[in-house]
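Paired with chain B in one complex and with chain C in the other, chain A is shared by the two complexes that follow.
Moving on to the complex of A and B:
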């Protein structure tokens, strides 16, 4: 039984009761909510996740709680509550799903310091992990979504999560938040892409989420060895430009765009050092999304060709 | 008396594991879920891991739980590293000033490498300087780049006249605050430990020019901090500090006699009595019978003692992560009232409460008036 197969009454009942459990590989979340509409949005975007009763251990136990008093009726608000704390300001009550996604990202960034967390899109093809580290607003989510819709396995549009012990990339396939123009762009890019509801008034403008592909969800417990690091930058009207970049420059760019590089101290220094040693590093400037996806596909193909010739590519432990 | 008997306490499994780490071996994943959430809320998750490691039962912890603990350990380690950095900066900046500086609480445990420092989650760095030098120290730190918080006139006055510390300073971009104390309890309170005696008995620390309080004063400061200067709400961690300090510093035969002498000197018999009572019942802190007997004169009356026995555990222990039962809310309200009572003489307390209510009302009125949206 998957979350998408449940009838809506049942999911609402679970949300108001023990909560709905979502295991997205990197972590397990239990969410409860007392707001209508959230259940339906959750079903659209987490359709391919198995439905589980909220028992066992969860890294994050969160609830979406309605504001008290007047805030229940006048411009109602919704709070993200985790272990009795409200770590940030409430959202308007009708932006439940963006609040949930933002809250889970917040918790992952604070509670998953057993991993190096790069601010990066992450995908995989043919056993080669690809990291797409970029600052917010440079089209990272859009490019990650495009790759996921063209047969790459989605790891995450936000967290390049790397195990400290063996350098493997850990999947965290969750809905991809697209903003403003990217939403229409992605609908044109793939006409049958599975979108959630559109939220017209968030702090970041219009937001809609793309559901993670079923195949990526099914393999969410399979880590992969990273092989390629591509620093993408969207530039309107620019021709496609791919350049190799030096390991030292890649090191600086990775270490300054991480959620916990400083916090992990020597461990992250080692980990980023290993990444730039083991991966081919490129910068990519693009305007045309199709061309960018093809280019990354070609880079993966050349990397995996090399790999077959040296006979690497061993299976990673889960 | 058994501490946890009074409450159907969700924090009970956590307390039991802290006391006897082998009890962790039989936990189901559901049990762990509650223990981890509660330990996190009590800022004891990394400490819990340290206890499990010391008892060599870490390998019995399920992998997902172990990862959550590792993550918290990384955070604790980072903050400790940042605290060391802060102390080195403070030392450099204050080099020209001839003033004794004692490290308090977490900073002292860290520098002295006490067992309780392992996994202890620091929020700030506390130092103690003599009151007549506090202005010079503050000026030097602010001149070197530490920021003072923006305070309204009332809060400024609160810190300057009533408090035992100046407003917290923060170096820009630094994750920890620097709290400069000139006393270990508020100046307005009923108990006034002798700062000159604190400095006179202090000793050189393992870090540069910094000093630490003598072991007995460190223990007494932990007691005072919890039972004289807090509302006890969700403060299990402070009791764990007391327990760890006694276990590590109290090994010498002479420790208890010296502790009781120092306690009398500072007027801290009552907080010490409570710490011994609740530490020994909840965490099995090794407290000799004769120590409790020697404090019998200053122990609370049967009525007050009985009341505290009923109220302290439910206020102090972590509650459910998702809800706070009425009993816990009541206990915490009572302990908050006690805290204010201990801290402020009645006339000041009334003025403080009225002022606070008035400012709250003003803020509410201001919020109700529509202001132009910043966005």
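Moving on to the complex of A and C:
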């Protein structure tokens, strides 16, 4: 049974009780909540994830807790509580899903230090992993969403998670948070894409989430070898521009882009070194999303052509 | 130009720590310093000097000869002052150490 198969009352009962468990590959999360609308949003955006009773070990065990006292009635707030701690300021109560998603991102970024964590979109096609490292506000999530809607396997719009031992990319397909103009852009880009509710009053403006494709969710335990690193940047009105960048430049950009490069020290040094040695590295400036998707598809095809001709496919351990 | 053996013994330099990690990237080198926990990117000249000092300790004149060998006559000749400037920068980063006491002992 999948989360999308539960009826509304059942998911709300689970959220009030032991919690709903979500295994998104990179980590398992348990969430509890008593918040109007959260169950429905969760059910819509995590519809393709298997429903599991909340037992066993969770990397993140969180709840969304209402503010106390007058805050229950005047401008009510929600706290993200993890292991009894409230790691950041509360959100308005009607922004439950952005709070949950942001909280899970926060926990992954702070706890999953068995992996090199890059601030990057991550997708896969034809057995080739593609990392899209970028600063916030450069169109990373929008481009990742576009790739996922055009047949690439979604790994994440937030984390390029790379195993330290063998350099494989680990999937973490979750809803993609789109902001402001990107929401309407993606609705036009793919009219049957599954969106969750729109949250008009978040700290980052209007936010809506795109559900991860079912096929990506089904393969969330299948890592892949990264083959391509593309540093994307949206520039309005710009013609598509792709340039190769040197390995040393790519090293500097990746190491400064990582959530935990400094923390991991020699392990992350070697991991980033392996990435830039094994991947082709490019910068991409774009305005037209379709053209950017085609360009990345062409780069993947070019990287995988030789491999396919000799049948050198390699299955990685889960 | 005098050879490395001419005159009083010159101080010799060596790479800072055997645990230093390096990854060659084209003609450049990234270096992880396990003491400072910092990563440095060395350009081609810095990479050549540092890699030479990873092999063995050398004085500036010895380094000059080593670099001339590596470059096989290509490009501008290397001057000792350029190498000294580079070594001072690498020393500031904790990547190389000057064995001054060794030179002092040899002078006694």
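Just so it is clear, the second predicted complex is superposed on the first by the 314 of 318 C-alpha atoms of A that agree within 3 Å, B and C clash if a C-alpha of one lies under 4 Å from a C-alpha of the other, contacts with A are read in each partner's own complex, and residues count from 1 in each chain.
Definition applied: a contact is a pair of C-beta atoms (placed from the backbone, for glycine too) under 8 Å apart; a residue touches a chain by one contact, two chains touch by 3 or more.
From a predicted model like this one, the values you see are computed outputs, not experimental measurements.
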| task | Please tell me, clash or fit, for chain B and chain C sharing chain A in the overlay. | result | fit
| message | Contact-wise, after the overlay, does A:83 reach chain B, chain C, both or neither (first, second, both, neither)? | response | first
| message | With both complexes overlaid on chain A, does A:120 touch chain B (first), chain C (second), both or neither? | response | neither
| said: Just checking: does A:277 make contact with chain B only, chain C only, both, or neither of them? Give me first, second, both or neither. | reply: second
| said: By the touch definition at the top of the document, which applies to A:112: first (chain B), second (chain C), both, or neither? | reply: first
| task | Using the superposition on chain A described above, determine whether A:265 touches chain B (first), chain C (second), both, or neither. | result | both
| A:63 contacts which: chain B (first), chain C (second), both, neither? | first
| Which partner, chain B or chain C, touches more chain A residues | B
| query | Regarding the shared-chain residue A:255, is it in contact with chain B (first), chain C (second), both, or neither? | reply | second
| remark: With chain A overlaid, the minimum CA to CA distance between chain B and chain C in angstrom is 7
| Touching both chain B and chain C, residues of chain A | 262, 265
| field | Residues of chain C that touch chain A when the two form their complex | value | 21, 23, 25-26, 28, 30, 32, 34, 37, 39, 41
| task | Would you tell me which residues of chain A are touching chain B in their complex? | result | 28, 55-59, 61, 63, 83-85, 111-114, 260, 262-265, 267
| request: Within their complex, state which residues of chain B touch chain A. | output: 29-30, 32-33, 36-37, 40-41, 62, 64-65, 67-68, 70-72, 74-75, 77-78, 81, 319, 321-322, 324
| note | Touching chain C in the complex, chain A uses residues 246-248, 251-252, 255, 262, 265-266, 269-270, 273, 276-277
